[in-house]
Structures are given as C-alpha cells and as structure tokens.
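Before anything else, here is the set of structures, which you'll find just below.
Below, subunit A partners subunit B and then partners subunit C, in two separate complexes.
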Partner chain A sequence: MELFTDYTLRNVTLGSMLLGAISGLLGCFAVLRRQALLGDAMSHAALPGIALAFLLTGQRDPFTLLLGAAIAALVAALWLLAIVRTSRIKDDAALALILAVFFGFGLVLLSYVQRQPTAAQAGLKSFLFGQAAALVERDLWAMLAIGGPALALIAIFWPQVKLISFDPDVARSLGLPVRRFEVLLTGVLVAAIVIGLQTVGVVLMSAMLIAPAVAARQWTNRLETMVLLAAGFGALAAFIGAWISAQGERLATGPVIVLAMSALTAISLLIAPERGLLWRRWRLMRQWQIGNGE
Partner chain B sequence: MLTPQLEVQLIAVIIAAACALPGVFLVLRRMAMLSDAISHTVLLGIVLAYLISNSLASPLLFVGTAAMGVITVWLVEMVSGSRLVREDAAIGLVFPALFSIAVLLISRYTGNIHLDTDSVLLGELAFAPFDRIELLGIDLPRALIFGGGALILNAILLALFYKELKLATFDPALAATLGFSPAIIHYGLMTSVSLTAVTAFDAVGSILVIALMVAPPATAYLLTDRLPRMIGLSVAIGVAAALSGYWVARWFDVSIAGAMATMAGIGFGAAWLFAPQRGIVAQALQHRSRRERFAVQMLTLHLLNHESTGDAAIECHPRHLIEELRWPPAFANAIVRRAEQSGLVRRQGDVLCLTEQGRALARDL
Partner chain C sequence: MAFAVEIEDLTVAYGDKPALWDVDLRVPQGVLMAIVGPNGAGKTTLLKATLGLIKPAAGSVRIHGQPYEQQRRLVAYVPQRSSVDWDFPTTVLDVVMMGRYGQLGWLRRPGRAEREAALAALEQVQMADFAHRQIGQLSGGQQQRVFLARALAQNAEVYFMDEPFQGVDAVTERAIIHVLRKLRAAGKTVVVVHHDLQTVPEYFDQVALINVRRIAAGPVREVFTEANLRATYGGRVALLGANGSAGAVTTPTPAPGD
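Right after this comes the complex of A and B.
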C-alpha cells in the first residue's frame, strides 16, 4: 500500500484518518445534544480567526492559525448562546446569522490579507475547502496536540458527559454544574472543528462531525459503542476518501471524504439492524408472511 | 447611463430587498438554516444545468437550481421523516453531500471556466457591471436584471399569498383546517428562496445570500411585533447593510460581499443590544426599574408597620433600612430619594414618614 509508504500520501492518509476519528467521536455529543448545526456555524465562524491570527502575528504555522480559529469559533458559539438566551431569536436564525456574518467578516479580512505584499499569505484560502494534499508531518502533530487533550477531557469526565448528553435535566437535578460542562463540550467541539479545517475546510467540516455520529447511532443504543463506532466510521471514510482521491487527478480529498462518509451513513440508515429502513421493512414483511401462516 | 459604481450599489440594494422578503418568513417559521442548505446546494443545480446546456446564461439554470433547492428540502424532510435522524442533523447530512458532488463535478469537468467554487461561495460584486445583456434595447448588467426579476417575483408572490403565508406561519393548524395546504405554502416559499438564491448567487455569493436572508429579518424581529412593519423594516435594514457595506468595502478596499454581511451583523448586534424594548440594555433597565419599584413598595410597607409604634424613631431611620432590609447604603439612599420624589415619603428630621399618598399605597399592597 503506497498510501502508507509514500511520504506525502502517508501524511494525507494518516492526517485524514486522524481527523475522521477525532471529529467522528467528538461529533457524537453535538448530535446527541441537538447541536448538530452548531458545528457548521462554528466552522464557518473560524475563518476570521484564522485571518486575524495571520494579520496579527504574520505567522503561517498551524498552531498560531488554529489557535485563532479556535478563539473565533468559541466567541461565535458564546454569542450564539447569548442571543438565544436573551432574545426572541430562535436558534436556527441565530445559527444562520452567526455563520454568515462571521464568514463574511472572514472574507473581508482575507481580502485585506491578500493585498499585503508578504508572500506568506499564500494558502490561507485553502482553509475554505481544505487542502488535504498539503498536510505535512507538523500538521499531524498539531492535530494530535489539539485532539489529544480534548479526548482526554471526555475520558476523564465520561460519566458526567454521558448523563448530560442524554438528560441535562436529570443531571441538573443531581447537582452537576451542567452549564460548565456545556462550555466544556462546546470547547471540545471547537477542538474537533479546528483539526478539520486544514483537511476538509470550513464549508464541509460539519459533515465530518454529524455524519459519523448519525451512522454510528443506527447500529447501537450504547454511548460507549456509539462513540467508538463513530470514530471508526470517520477514519474509514477518511481512508476511502484519501484512497479514491489518490487514484485520479482533480479529485479534491475533502469532498471525496465527505461523500464516502455520506455513503456510509446512507448505508447505515438503510440496513442497520433494528433501526434501518430496509431492516424494518423486511421485518414487517416477515411478520406479514408469518401472519398468513407461511 | 449609470456609472459602474452606481450599478454595483443598485444591484446590491435590489438583491438585499429580494432576499429580505422570503427571509422574513424563514426566520418566523424557524427555517433559517434551510437557507444555509439551499444556498450551498444550488451550486449543484448550476453545475448540472451547465453540464447539460454548456452555458451559464441558459434558462435551464433557473429550472435546475430551483429544482435543486426543492430537492434539498425534500431530502432533508425525507431523512428526518424516517425518524432516525433529527431535522438539524438531517440538514447537516444532506447539504454537505450535495455540495461535495458539486465541488467534484466542477473541478473534474468544467476546468477553469467562469464557474469556480470560490466565486460561487464568495461572489464578486465588483465585476457584476461587466457582465451585460440587453433588455428591451437597453444595455444592463445581467445581475441587475436577474436580481430585479427575483425582487418583482417575490413581491408579487408576497402580495398574492400574504394572508395565506401569515396564517400558515402563525397558526398552521388553523391554516390547515381552512384548507390551505401547508405543504404547498412550504414548498412555494422554498422555491422562492431557491430562485432568489440563484439570482443573488452569482453576484454576491452564497454566504452573503444567507446573511441577507436572515440578518435583516432577525434584526427587524427585535424591533417590532407587527408583520407588515417587520417586512418593511427587513427590506430597509437589508438595503442599509448593502449600501454601508459597499462604502466600507471601497474605503478599506476589501471584499464587498463580506463587508455587506459584516454590516448586516453589526446592525443585528446593535439591535440586540439597544432595541427599544427587547434589547439587552432595555431589558436591564426594565429589570432595574422593576426592582426599584418593588423596593419603594417595601419601604412604604415597612414604614406603615412601624409608624405608630414606639420605636418609630429607630425603625424609620434611613440607616436602619440598611440593616433590616439588607440594602446596600447606595441602594437605600436611591430608594429613599425615589420615594421622596414620587411624594410617598417625606423626612421629618432624621426620621422618614409616610405621606397620605404613601400610606394609601402601602395599605393597597
């Protein structure tokens, strides 16, 4: 498999799989907590953070830019929660508004950056659709450095996180600081988004959070199994996507990964035991046949 | 003839108005995120229509994109209708998949022609005046004609179906019993959103379409309770964001579409903070004034309880309020002053006593 021996391809494949696994795992909590689209809004909102980080520091190393992205995404998420809490604007409108406004501001900053005479600005635009082909080893370490602590936090607070994901009211009545854990989970989501920005870009990032979780949910009712499955699905889709896009010219890795993930999700929705649509239909037919004495 | 600068502003204003009209109902019906989905998936409609007709000006483009918008909504409803996935997650599943297909088709089959993902997402309003066609013998920018068409269409649809839309938005159950099909109204609105998105798309980019559809109506929603006023305000706010965004962009030499979205966001932020009744500041002021009114009532009650007893000299001293009612000194002084000003309490030496008016108030409590 040259996917793992060729240096460039190895980085692309490993990086994408790392991203798929981490975002798939962390996306589960967003989907369970009915915040699937928060990831979409936050990934768009990260754009001005990237541009500002570059403008302020003049650096193009992944840590600086991703830190800027994380801060912007977090600001967007907090503003969003504040809008929904303090006004009559519902969360759908608040999400769409924040997404578009932050992204628009990001474009303003990007167009400003592009007029700067420095050569280092090249490549900032790749954050729009991602550029998996440009992943280098340093990016992989950045992913691990951001994703590792996020995963560790989830592991440490597993019982609390589990309870809050399923029933925040019960968690509150048991005296858990639910608000604090919500901020923690939002922060973890930000980490997942930030990791994916370079590979699949701000536009398609939401799919990497939502699709693995939805696919995994169909196969199990246990959260432990679900998060592991989602991580597996994410990594598998990333592997398939990286493999397919290595086959042909002009097959951008990000969109191919998203399509592979969508296919896995569609298959899960159709054939997963107990829940899948085809499964349910098949069982109905069986019952009907049994009922007819066959 | 208009100068290119005026033409750009005119295009922006018309598109802002055209987006605001369906946007009002998207916000009120809690479907704002569908505009996000649609504005991404119309790209697939454009690409497919382009691959079939080999032209970016064919009418097929409109049919294709409007159909794609409706297909998007239908797919989202089908996925969430299976009850396996919630609606928000369904949106997040459907549009990235369709958008990915569009991106791959573009990079694989259309080479580097006019249609590239950047311009579709970001738009380039500054170039809009160079793309011209003739209408009735007058040479006009294409974006102006298409945007104007979308505006007129949306205005006509709104005028024709205003009552139905209003009813279906605020009382869907009643609308259904009266025989208005919610599905027809829903898909009609979605078709209008898709058509508006595709006309605006080329000039301002898909993200600004979302900004112009959602931000002005959301801002107007904070300012008024009446639907006709909300529609009018949304159009006005959208137009203001477009014009101010244009001038900001020229001033700093940055992306016009991005600056318009930013101004729309600043407008919303201002309304969120300073709206007359619903703004954060107004809410805080109302909260304070309620608290003070309550405190004045407490004061009158306290004085009434103690005014005829022997310890009135102690109990009715302002310093005592600080101890017994646990009021911070500054707050206690403010409340006493407020009660004096409204003629409920007056000072006799060091001691406070009720006026007739204050006694009446305290008895009523």
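Right after this comes the complex of A and C.
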C-alpha cells in the first residue's frame, strides 16, 4: 500500500494514526470525568497561544508553537476554574465565555499575523482546521515526545487514576492526593489536544478526544478495554480518513478523519451489543415475539 | 469514656452563608450514631468537612484521639449513591477493591489480597453473586450495598455513611442494618446521616440533631425528645403523636434478629 511506502503519505498516515490513538485513549478520561466540554474549550483556547508563540519567536518550529498552544490551553483551564470558584457563573456558561474569548482573540491575532511581511507565517492558518498533508517526520517525533510521557503517567498511576475518575471524594478520603491528580489529568488532556492541533485543528480537535471514547464505551464494560478500544478506533478513523483523502479528490485530511470517526461512533451507538439502540430494539422485538408465540 | 470521633468548633461557610456553625460533636467508641436534621441543615456538609472533603472555615477533628490527617486509615466513607456515575465502565468487584487503594502504595497493582478482601466484603452484604456484574446493571439498593462493601473492605475503625437508607428496598435496609450491628459488635463506630426519624430509636444508640448548629447530641433515650426535635425542625415534625410525645421514642419496636 502506498499509504505506508510513499514518504509523504507515510508521514501523513502514521502521524494521523498516532494522533488518533493517543487522543482517543487520553480522551476517555475527559469523557468519564464529564469534562468533554472542557476539552473543546481548551482546544479552541490553544489558537491564541499558537499565534503568540509565532509572534514572539518568529519561527514555525512545531515544538515552539505547540508549547504556546499548551500554555494557552492551561491558562484557559485555570481561568475557567477561577471563574467557577469565585463567581456565581455556572460552569457551562463559563466554558462558553472562555471558549469564545480565547478563540476570538486567536482569530484576531491570526489576522494580524497574516498581514506580516515575512513569509514564515504561511500555513499558520492551517491550525484552524489542521493540515495533515503538511506533517513531516519531525512532527511525528513531537507527537511521540508529548504523548509518550502522558501515556506513561496514566499507565504508572492506573489504579489511582481509575479511582479518582470514578469517585474523587472517596479517593480523597483514602488519602490520595486528588488535587495533584486532577492537575495531572488536565495536563494529560492538554497534551492530547496539542498533539492533534496540526492534523485536525483547534476547531475539530474535541471530536478526536470525545468520539473514540463514546464509541469504545458502547462495546465494553471494562475501563481497561475501553481505553485500548478508544485508541484503536481513533487510529482506525485516522487510517480511513488518510486513505480517503489520498484518493484523487484531495479532500482535507483532518475533517475527513473526524467524519470517519463520527461514522464509527454512530455505528457503535446503533449496533453495539447490550447498549446499541438497534440492538436493544431488536431484543425487545424478539422478547415480544417469544411472548406471543407461547 | 473513649471517643472515636471528636469534632470541635467546626464551621463551614459557602460564600458568606454559614452551612455549619461552631459544631461540637463527640462520638463514643462502639456506637451507632444517627445525624438527623431538616433538608439543608448541613448534615452532609458535616460529614464532608469532618473528612476534609470540604475545607472548613474553622474547627478540628480527632479520630481515636489523634488528628484526622494522621488517622485516615481508621476511617471509611460511604458517600451518597448519587455522587457517582453508575455508567462508569467497571465491575462490582472492581469498585469494592477500590476500598483497598489507600493502602495499596504507589506502583503496585491490586492483586489477590485485595481481591479476597473485596469478595469477603461482598459476602457480608450478600452481593457475592454480583461480583462480576457491570455496576450499571444494579438496582439502587444493590448499588448501596456495593458502596457499603467498599467501606467494609477498608477494614476501618470508624465509618461515616451518607444516607445509606435513602431509597433502598427492604432487603437492602435489613442487610445494611445487619452489617451495622455486626460492626458495633466488633467494637467499631458508625456515624450515619439519616432522614427517617421513625427508625432512629430502633436502629441507633446515639443521635445528633443538627440544624446548622448542633441542637443536641447523646443517647437516643435522652436526646430524641419532642422539645429537641421541635428545636431542630421548627415545629414541622410529622411523626409526633397526638398526645405530644415523640411517638417513635415511646414505642420502640424490638428489632428482628436482635
């Protein structure tokens, strides 16, 4: 398959699959801890960070830009927390505010950057919707460098992370440093977001965090299986997306990946055993038939 | 008398509104104590502040004579059933094993010892057959018993339970009471936020009446009086008999199995 032999296509395919797997796995915790919207707000909030990092350094180095994105996302998360703690504004309203303010600021900065005379700013706009076709080997290493430690932390503290995701109050009563773990899990979420920005972009990134987790939840009742399945779904969607967009028409890879992931999720919601909508209806009908037959 | 729990001057405020004002409470070792009071009286807040889940504005908590922070291992907490997402992808056995995570240590995975402690705890609440069920498939009463089993797996000395009888079936209510009495027989101390005034004299040795402030606390026989209940509930006590005495106090039903 030329997806893996052609150098450019291989980077696009592998990079997208890496993104899909890492963000799918880490996104499970955002979904289970009911922070899916926080992921969305933080990915939008990354935009001004990218633009500012570029303005300050004048370079398009992926590490620099992603560091800017990560800092902006974290600032947004902390600001959000402060608003909820100190005012009467509810968290959903605060999320909407933060998202709009950061994203709007990001768009303003972006339009300013576009008018700069240097050539280096070219492509910065691709962070809006992502540009998988521009992935180079260096980007893959950046993804691994950010995602690897995040995954390792989750693996090392697996029992604690599991308990804190399920019941933070009891975790605290058992003496676990819950506050520190919440910071860790937020950091991990930021890492997942940052990894996807180049490929999928700030606008669609939350889909890659949330959809794999939702799809995976349909097929299993075990957290261990769920995170691995979510990683698998994310990678599969990325592979399908990269393949479709490589077929002649040259459709934008990031959005196609998101659509593929949405299709996988829709199928899971419909036909997964026990939880699927159609599956449940089918079982109900069978029970009804058996009941009538006797 | 040796005290299992000594709460002093506990004050909690949400914003500028006090939820709990200068509460003192002493729980002797080896008793079952109910905490009762109207909605919004701060019963749950009292538990959470005692366990450090809410930061109090003032006050101190001692467990078996030492500050709570040093005695966490002696304390088990059973939160309200509705405090977690029961669609979380995990099994009954897994949840009960979580009671052992405080003693697990870093970098260790739960193993056979944790498993056996969890199974023994499930046996005690008559839920051993459900060990491998997904928690979302349980009824409310079964969920409550799983939470109780998780606390039992901790093998603590002092148990704090938030509304364990809320909305459970009769089987579960009997199972919980059975467990509470076994804990008391083993010299453990149990503090229960309770909403059903009728069952207080039957189930509990001691009672604390709370309405932001501590109205009264002590042995049920001495403290669970009409005057105290009126002071706590502001004259809206439905269970009082027509003769003006607290009916539940004057006619304590002998508990089955006692």
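Points to keep in mind about this one:
Keep in mind that, in the parts below, the second predicted complex is superposed on the first by the 290 of 294 C-alpha atoms of A that agree within 3 Å, B and C clash if a C-alpha of one lies under 4 Å from a C-alpha of the other, contacts with A are read in each partner's own complex, and residues count from 1 in each chain.
Note that a residue touches a chain if its C-beta (ideal position, glycine included) is under 8 Å from a C-beta of that chain, and two chains touch if they have at least 3 such contacts.
Keep in mind the model is a prediction, meaning the values are calculated, not measured.
For the composite obtained by overlaying on subunit A, subunit B and subunit C can both be accommodated side by side without a clash.
Greater residue coverage of subunit A by touch, when subunit B is weighed against subunit C, goes to B. In the superposed pair of complexes, A:206 makes contact with subunit B only, with no contact to subunit C. Angle at subunit A between subunit B and subunit C, computed from CA centres in the superposed arrangement: 70 degrees, to the nearest 10. In the superposition on chain A, contact of A:291 is made with neither subunit B nor subunit C. In the overlay built on the shared chain, the residue A:156 is in contact with subunit C alone; subunit B does not reach it.
By the touch criterion defined above, A:167 lies against subunit C but remains apart from subunit B after alignment on the C-alpha atoms of chain A. When both complexes are overlaid on chain A, the residue A:37 reaches subunit B alone and has no touch with subunit C.
Of the two partner chains placed around the shared chain by superposition, subunit C is the only one that A:175 touches, whereas subunit B remains out of contact. Between subunit B and subunit C, the shortest distance over C-alpha atoms in the superposed arrangement works out to 7 Å. Comparing which residues of subunit A touch subunit B with which touch subunit C, the overlap comprises 34, 217. Across the complex, subunit C is touched by residues 32, 34, 156-160, 162-163, 165-167, 169-176, 217, 220-223, 225-226 of subunit A. For subunit B in complex with subunit A, the touching residues are 26-27, 30-33, 35-36, 40, 79, 82, 84-86, 88-89, 91-93, 96-97, 99-101, 103-104, 107-108, 117-118, 121-122, 207-208, 210-211, 213-215, 217-218, 221-222, 249, 252-255, 257-262, 264-265, 268, 272, 278, 280, 283.
Contact residues of subunit C toward subunit A in the complex are 48, 51-53, 72-73, 75-77, 79, 83-85, 88-91, 95, 98-99, 101-102, 104, 106-110, 134, 136, 150, 154. Interface residues of subunit A, counted against subunit B in their complex, comprise 31, 34-37, 39-40, 44, 83, 86-90, 92-97, 99-112, 115, 125, 128-129, 203-204, 206-207, 209-211, 213-214, 217-218, 250-252, 254-256, 258-259, 262, 265, 269, 275, 277.
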